[in-house]
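The structures come next, written out as C-alpha cells.
Heads up, the next two complexes both have chain A, just with different partners, chain B and then chain C.
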Partner chain A sequence: MSTVTGFDAVIQYLLTKRPDLTSIDPDLDLVENRILDSLGFVNFLYVLEEQTGEEILMENVTPSDFRTINSIRKRFFHESE
Partner chain B sequence: MSTPVLQADAQLQSILDRLVSMSERDHYDPYTMFDWPETLPEDQYWMTPELLSIHGTKVAESFTEEQKWAISKWESVNFYSLNVDGIRELITEIIARIHTKDFALSSEYFHHMIGEENSHMWFFARFCLLYGGKVYPDKGVQLEMKSEGESAHFLVFARLLLFEEVVDFFNKRMGDDDRLHPTIRKINAIHHQDESRHVAFGRQIVSHLHRQLREKLSTEELAELELYLKRYLRKSVDGLVNPAAFKDAGIPNPYQVRNEVLADPAFHELERKMLKRSMSFLVNEGIFTDDVLPRS
Partner chain C sequence: MSPSSPVSAGPEAGRTPSTRGGLATLGPGALRLRATLEGVFTGWAAEVGADAVQYPPLMRVEDLHRLDYFQNFPQLAILGAALTEEAAPEYATGGPREASLPAGHLTEASYALPSAACYNVYLDLAGRTLTEGPHKVTTVATCFRRETHYDALRRLLGFSMREIVCVGTKDEVLAHLELFRKKITGYLSELGLPVEIEAATDPFFDASAGRALMAQLFPVKEEFVFDGSLAIGSLNFHRNFFGERCEIRTADGEPAFTGCVAFGLERWISALTSHFGLTEDELADRVLAAGRP
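Right after this comes the complex of A and B.
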C-alpha cells in the first residue's frame, strides 16, 4: 500500500497510466498524451477527492481543470503554478 | 451514393419485426403500475446481499449487519442512478440516429426502445428520489473529441448493449429474490422483461456492425476497438462501487473501502459472474480475442 499522500499521490496515480514515463511535465497535456481520458476519468476523480478530502461537484468544474498537472494543482490543491 | 450503415438484411428485419410485436404485446403504463410506499424498511436488504460490492470481501468482515443493510440501501440508489445515467446516454444516441438513412431499418423499433427506456428512467429516478432523496450525479466528463463514422456507430451500440447486459445481471436476480421488498422486486422484474428484448436487439446490431467493420479495418484498428470496450467494461464495473454510497451509509474512510473492494478477489469473482454472458458473446463473435479486462 502506498504511503504517498496529497498531491504526490495524484501524480503517482497518473504515472501508473503511463508506465513508460518516470515523471510528467507540469504543463504536459494529459489528454493528448493519453495519461487521462474519459474512460479513466471517474477513478481519477475519486483519487483527487480522496487526496483533497473534498467531494468534487461536476457543476463546479470544467474539462480544462484536468488538462495538466498545473491546472489540477491550481484548481484542486489551491496552489499557484 | 453511399450504402446505409445498417444494411438490409432479411434475418435482422425479421428479428426487428418480432421485437416490435413483443413490445406492443408487453406495453404497460409505468405511471400507474407500481406501488410506491412512503418508506421502505431499513432493517433489511434493499439489494440481493450476494450482489453487494462488499460481499465476501475482507473489508466487509468488520461491518455489522446494520451497516450492511445501510450499504445495500445506498448501493441500490447508486445502481438505479447508474441506470438513469446509462439510459440518458442510450436515449440520446438512439434519438440521434432514428429516421436517418443509416438506421431506417431499425427506426420503427427505436421508437419502442425510446418509449420503454423513458419509462425505465422514470421509475429508477423515482425510486432514488423517493427513498434516497437524490439521484447520484454522473461523474463522467468527455475529455477527448468524439469519434465519428462506422466505428463510432459500432462503439455506441456495443456500449449500450454491455450497459444493458451488466444491469440485467442484477435485475434478473433481484426481480426473483423474495428476500427483497415487493416494490424493489417489481422494478427489477419489469426492467428485466423489457431489457431482454433490448439485449436481443443489441446483440444483433453489434454483431452486424462488427462483421462489416472486419472487412474494412486492420487488425490494429480492431484491437483498438477491443481495448476501448474492455476499458468501458472496467469503468462500468468500477462504477458499482461508489464512495458516496459508503459515505451515505455511514461507513468511515469511504475511499479506502472502495480501494479495498476493487482490489479484493471476492469483488473480482462478482465481476466475473456479472460479465460472463457478455464475455462469451464478445469472444464468440470475434469482437474480443480474450476475456481479460485491464485493471482499475
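Right after this comes the complex of A and C.
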C-alpha cells in the first residue's frame, strides 16, 4: 500500500513542524495553526512530490488544496475521507 | 525673511536631502515635514490607546535568534562589532585608514542594528500574559537594511520606521489591521496621494504562479504602494509566531497574535515631494489639513 505509506510520511513531516503535537486533526487549518508556513511551504511541496511521485504544477493547484490534511489527502492522494 | 516664518528662509531650508550610499541627511524643511507626518501617525496611535515606547537602538543577536531572524532575513542583517584589543592600539597610533575595517580587526558581533521597529515590542513583552485585553504600542526606530542597491529616499540603508503594534487575540489583531487599513486609505484619499494596496509576497519564493498561490495561502502583509513600486506603509499580520517565540499569552492562556502597521517616514517624504511638487512647508500644511477632522 505505497499510497498509504506516502500519505503517512506527509503526516509525519507535518508533525515535525509542531513538536508539541502528537496528532493533527484532519480538518485543522494547517495555515492558521502555522503547521504550514511560508518558509516551510516550498519544502512541503517537495515532500508531497516525493511521496506522490508526481510533480505539482502551481497552475493546477489552489490554496484550498493545502489547507487541511483532508484536503491534501483528497487532492494529492486521490482518496476520500 | 518674513517675520511669520523666519526659519524657512535659511539656505538649508529647501535643500534636497542628500542620500549618499543609502544614508540620508534631512535638512530643516524635510525634518518639519517628517515631524508633521509623525504628528498624524502618533495621533492615530493615541486614538487606539497605543502606549508610546522607545526601545534600545541595538538588538542582541541572541534575542534575534529567538525570532529566527537570521534564517528569514540573512541578506538584510547589519551587525555591530568593536575593534579588538589587539587591533585598537594600531588605529590609535594612526593605523590603516581604509574605507572598511578588516573582519580580523573586529570582535565577534553580539549586537545587530534593528531592521524593523516592532521586534523589540515582542521581546519586551516576553513571558507576559495579557489579562486586560489587547496591548498596543507605538514606537519609532532608525532601521537598517543591507540592500543590493539604494535609491534616494525610496530605498535607504538607514531609515525611520514608525509602527503601531497590536498584541492580543487573533480577532483583536485583525480588527486593529482592518481599522488602520480604512484609516490610512481614507487619509491618503483626502490627501490626494494615489496609492494602491497590494499583497506583498514572500521574497523566498520566485515562481510567478507559486507567488500568487503563496500570497493567497499566507496573506501576511499588505503594502500601500505609491507610483507602482514605492511601499510607504504596510499592514503585517504575524499570526501567533511572536506570541509563541516570546511566550506572550492572552487571557485564555493561548499564544498571543500580533500585527503591526508600519510607516516608512522618508518614503512618505519622497512620495509627497515627487507627487505634489510643492515645498516641504507647503506639503506639511497639506498633511496637517488632511488630518483634521
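As a working rule, the second predicted complex is superposed on the first by the 76 of 81 C-alpha atoms of A that agree within 3 Å, B and C clash if a C-alpha of one lies under 4 Å from a C-alpha of the other, contacts with A are read in each partner's own complex, and residues count from 1 in each chain.
Basically, a contact is a pair of C-beta atoms (placed from the backbone, for glycine too) under 8 Å apart; a residue touches a chain by one contact, two chains touch by 3 or more.
This is a predicted model, so every value here is computed, not measured.
Chemist: Aligned on chain A, chain B and chain C: do they clash or fit?
Modeler: These partners clash in the superposed model.
Chemist: Counting only touches as set out at the top, which of chain B and chain C does A:66 meet: first, second, both, neither?
Modeler: It touches chain B and chain C both.
Chemist: Of the two partner chains, chain B (first) and chain C (second), which one does A:8 touch, if any: first, second, both, or neither?
Modeler: A:8: touches no partner chain.
Chemist: Once chain A of both complexes is superposed, is A:54 in touch with chain B (first), chain C (second), both, or neither?
Modeler: neither
Chemist: Applying the document's definition of touch, where does A:31 land relative to chain B and chain C: first, second, both, or neither?
Modeler: both
Chemist: Touch check for A:46: first (chain B), second (chain C), both, or neither?
Modeler: first
Chemist: Once the structures are lined up on chain A, find the stretch of chain C hitting chain B; candidates are 75-83, 165-173 or 183-191.
Modeler: Between chain C and chain B, the clashing stretch is 75-83.
Chemist: Quick check on my understanding: which residues of chain A belong to both its chain B contact set and its chain C contact set?
Modeler: 31, 36-39, 41-42, 57-58, 61, 63, 66
Chemist: Going by the contact rule set out above, which residues of chain A touch chain B in the complex?
Modeler: Interface residues on chain A, with respect to chain B: 31, 36-43, 45-46, 49-50, 55-58, 61, 63, 66.
Chemist: For a test of understanding, state which residues of chain B touch chain A in their complex under the given definition.
Modeler: Residue positions touching the partner: 137-144, 228, 231-232, 234-235, 238-239, 243-244, 255-256, 258, 296.
Chemist: Of all residues in chain A, which touch chain C in the complex?
Modeler: Residues 31-32, 34, 36-39, 41-42, 57-59, 61-63, 66-67.
Chemist: Which residues of chain C touch chain A in their complex?
Modeler: 71-72, 202, 204-205, 207, 209-210, 212-214, 216-218, 220, 239-241, 244
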